[in-house]
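Next come two complexes built around chain A: one with chain B, the other with chain C.
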Partner chain A sequence: MEKFLEKSIPVRRKNLTFWQKLYIPAILSGLKITMTEFFKPSVTIRYPEERTVMPESFRGRPVLVAENGTERCVACGLCARVCPALAIEVQAGETELGKERYPERFEINMVRCIFCGFCEEVCPEEAIIMSQEYELVFTSQKEALFGKDKLMKPIEEVQTRLDFLRKNR
Partner chain B sequence: MATVKLTINGKQVETENNRTIIQAARDNGISIPHFCWHEKLSTSGNCRICLVEVEKMPKLAIACMTTVAEGMVVNTANERVVNAREAVMEFILINHPLDCPICDEAGECKLQDYSYKYSQGYSRFVEDKNHKDKRVEIGPRVMFDAERCISCSRCIRFCDEVAGVHQLQFVNRGDHTTIETFPGESLDNPYSMNVVDICPVGALTNRDFRFKSRVWEMSFTESVCNGCARGCNIDVGVRNNEILRLTPRKNDDVNSVWMCDHGRIDTWKHVNAEDRIAGPMVRKAGNLVSVGWDEAMAKVAGELKLFNKNEIAFIGSAYASNEDNFVLARFAREVIGSKNIDRLSHTVEGDEDAILIRADKTPNDTGAALVGIAPGEGGRNIDAIVQGIRDGQIKALYALEDDVAQHPELEKVLYKLEFFAVHATNANKSTRAADVVLACSTFAERSGTITNFQKRVQRLRPAVVTLERERALDGMAMSRQDKFTAPNDSWGKGPRRDSRASWRIVAAIGNIMGAKFRYATAEEVFADITHAVEAFKGLTYLKVGNKGAMLKFKAS
Partner chain C sequence: MTADIIIEALVKIGLVLTINLTLVAYLVLAERKVSAFIQNRLGPNRVGPWGMFQSFADVGKLFFKEDIVPAAANKFVHTLAPLISISVAISTFAVIPFGNTIAINGQEYKLMIGDVNIGILFILALTSLGVYGIVLAGWSSNNKYSLLGGLRASAQMISYELSMGLSVIGVILIAGTLQLDKIVVQQGEYLWGVIPAWNIVLQPIGFITFLIASFAETNRLPFDLPEAEPELVGGYHTEYSGMKFGLFFLAEYANMITASAVIVTLYLGGWQFPFLEYLGLSPLVMTLAQMGAFAVKVALALFFFIVVRWTVPRFRYDQLMDLGWKVMLPLALANIVVTGFFLLFR
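Here is the complex of A and B:
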């Protein structure tokens, strides 16, 4: 016990001068900083009226690329397998198209999703990619289950990300 | 048999002198890659992946065709062999499409595994791959993708040697080689789906299972097929608490590594079916109404008390396990005192073959008879029960998991019964006539044993969860999804039925009527069987194990 006390750090009490005890000079120097910043150009934006443009490398919510009205996805299930949060569920079905398989059901539990981008990385078809969208509001757990209706995005809207992926592959 | 000594990878190995290197290595835990070689088929030696170095032989030799010899020194993993293997893999992969994302074989594909293990990991082939037919319906139950085929000829040899029908053959030459059925033929033999299992790639796939699930998303439970008296050993593949497919499991004493298409497709659909009995039901004012277990069982106990012991008949079931039938026989004899106990036969004369399929379409007729489902002395057999109902001498009938109304004579007299209770898994003719329907678990939902025609006892293990079980707590096989599902997930939420094992229901009814059945698990019932039935003596679930155990009979 004694040893412990010996080691403990003593509280240092400053002997403040009268001038310092007044506080007023400190307040004034603080106000000076405030006023100089006040007349500098603003760095914040007026969200949600104004929005930032996210860089291409930004990982927003994952979306499914829709090409010619149908998803690129072949329901291989690799995204579901690699997902560390187990957010993705895929049920495959058979289609007449050349790709043979398509996702009958594709569901991402956005409460589970951690935006790691593994699904995008593992996808052999560039069918699931991270979008620029980051605004996700749910009022119930059920609402957070995104089906194909919410996940599908026309290819034109996600072209920048696809180009980015190609460039950095 | 004379034995020879040889050295494989520096390990001294002794083996019979007519074995090949691949067999000798396999027996001693050394695996040599192989596509075309299969332990149950003849050797064709055309894939060349099993090349090994044999000292004093000028060139590498294929392990599947080279018989062992005294003093042979074999090397399966030196640089020369590894290089040759990489070259063979490169040749095989030249025309193999990158279909893995859409291929059902992915995850259990030999070519996929070997690509990781034995190939160089990149492709030097820049030309166009050969294109062939895809999605060919080569048989009613098998889909063929010609591009994926690596021409190993396993399927051809299977049809010729095991199924005994010559339906498949190679056509064309070189890299245009493909498999076709003979003109006018289709791959429709009753064992056709085994080619799916033995196909080392995804060229032949199961049409019934097509795109249902990736194999790594399923859990697999070792069980026994209930399609006929053979009792082929199987693995039950389950996802989202739904059976998706059955695959044969090796057991040389029963089914080798095969199973028939009927068993593979038709024996489990009822487990997932819409018409499953979701819980116990009692007839009230002419309609079956869902009730709680206590009410249903009290109703049965109360009704049975109203009749004289000779007015009650019991029909056991060759579809139910040894445990279920044993408890029913005890209930009938000890609690009720009735000797009117029998079972229906489901033998289809002539519908059998010399391979696996048996004429008896039930999995446990042998076991049911052994544990006491047979009329007692002076008791009525099935015909006498029907006659008794007709005459009004039998007034109550208690039937185990069997659609007894399928019996044409019995169906006609069912209306005469004053009380009819039936255990059922699915809605059927009997449940429509019954006063009480007790929802019992299917073969895939309960623990138990069945006895096949060879008098081999084999284990059933639960693969699908019912309300009375918990997948994790009961030690059932779990997929990754089963392990991590949470209440807010949409997966892992397959339907769970309120069904119970038949022995549990019968024992509970018996206890209401004053019996003292103290069984907590199927294993305890089995322990009781081993005491009561001579042939089962000394057996335990542990001894029955994965491969079953033969019953012992005194020589008479």
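Here is the complex of A and C:
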């Protein structure tokens, strides 16, 4: 502690060489840096015109995977159970398809969702996964309730995320 | 005859004023763009292509902002101060020759507004008047930060005016005149037939001291102590809003243009372009080329002003005074002595 204190006391260096005291070489080397930066390309992304391409590991809004127009979900309710923000509501129904059960109603309250990805992790069917979409705008609480119409995404669009999950789980 | 002179002067004033104010607008944009490029950003790019109309939008916005005068302020002086600043900043340009003579209808016109024979003195006098704008702004706001900014400005300007004046004496000694156009004409000669006899070659030390003093006079970083944001809120313009603040802002940039023009005129050969006279151009083309050369030189000087701002950190106040009195003043004095001896014994 004592040593640290000693170190932090500002010391005025007196043993500068003449060259350092001249100031001008230091300013010139500073100018060199700014001028090289001047000619480097900018790192800004012009947002509304350009968008960042998110990596597969990015957790955007959760979506339901749709295969041939129907969701993979079997309405087991695990995601609703695990969701720490209590954002998911699933209502099961019966169907003629092989999977026998399907979600009659599937709602995620996007105001509550904290993008934790637990639902994706727990789902036995790889039916709910985190997409790469990050633009969520709503003007009322009602609008923030995303039903099946907004949640379903054809499997082709989310294939990269599925591959990523297979590789890393 | 008198009517002729008045019309001539008015036309020139109108031209120079329009060009100057447009230049100020684009200088603000240039500063924002250059700083953005240095920091790997893009800078303003929403208003018009490449943000071309950004400054005009800003001025428009400032006009519609509420103008707040503090209750305890001296209202008259509070309004007067920005007016002093801007008028001084703009009127300094009156004596700067921006080209040789131009012949219209067989009559020769000099390309400068005020052809006075004490050009340099006029510039020095006006730039020192500029400090009144800042000091009065600081005092009339009745705010301790403003007052501190104003005091700093006066101390700084007085210290640096001295070395500024002294470095100019070197140029005057060589030229033997105070008239700016004559000084420029003399810089059109050549040393040993090859090197243009610009004063930067003849007066390198004087050039450096003058350059540093110009930075201090225009309150540009590294000498922007009068408005040092982290310490003084906003310095002398803390209590200003709306277009009054805008005037201070414009004055700073107008001062920069004038300072660059003075540096170019005194040290960088003004409108001279080396070896242009050997090309055998017609007088009109020649004059236009020389005006172009002047504009390019001023633009480069302005670019230097901007780049330095985004390179060098601000001085501490004691460092500023140290530099002014212990380094710049002796250097400028030594420069006069050396120049004098040189002129005596050559």
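Heads up, the rule we're going with is that the second predicted complex is superposed on the first by the 130 of 169 C-alpha atoms of A that agree within 3 Å, B and C clash if a C-alpha of one lies under 4 Å from a C-alpha of the other, contacts with A are read in each partner's own complex, and residues count from 1 in each chain.
Keep in mind that, in the parts below, contacts are C-beta pairs under 8 Å (C-beta built on N, C-alpha and C of every residue); 3 or more make two chains touch, one makes a residue touch a chain.
In this text the structure is predicted, and so the values were computed from the model without any measurement.
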Answer with first, second, both or neither: which of chain B and chain C does A:Ala92 touch in the superposed model? first
When the two structures are overlaid on chain A, which partner does A:Asn109 contact: first (chain B), second (chain C), both, or neither? first
Between chain B (first) and chain C (second), which does A:Leu136 come into contact with in this model arrangement: first, second, both, or neither? neither
I'd like to know which partner A:Val82 touches here: chain B for first, chain C for second, both or neither. neither
According to the stated criteria, A:Ser42 is in contact with first (chain B), second (chain C), both, or neither; which is it? second
Check the residue A:Glu125 against both partner chains and state whether it touches chain B (first), chain C (second), both, or neither. first
Among the partners chain B and chain C, which is in contact with a greater number of residues of chain A? B
For A:Glu100 in the superposed arrangement: first (chain B), second (chain C), both or neither? first
Counting only touches as set out at the top, which of chain B and chain C does A:Thr34 meet: first, second, both, neither? second
Chain B-facing residues of chain A, complex: 74-78, 80-81, 86, 89, 92-94, 99-101, 107, 109, 111-112, 124-125, 141, 144-145
Interface residues, chain C side, partner chain A - complex: 34, 36-42, 45, 208, 307-308, 310-312
Considering only the defined contacts, which chain A positions touch chain C in the complex? 24, 27, 30-31, 33-35, 37-44, 46
Could you list, by residue number, the parts of chain B that touch chain A in their complex? 100-102, 106, 134-135, 210-214, 216-217, 480-481, 484, 488-491
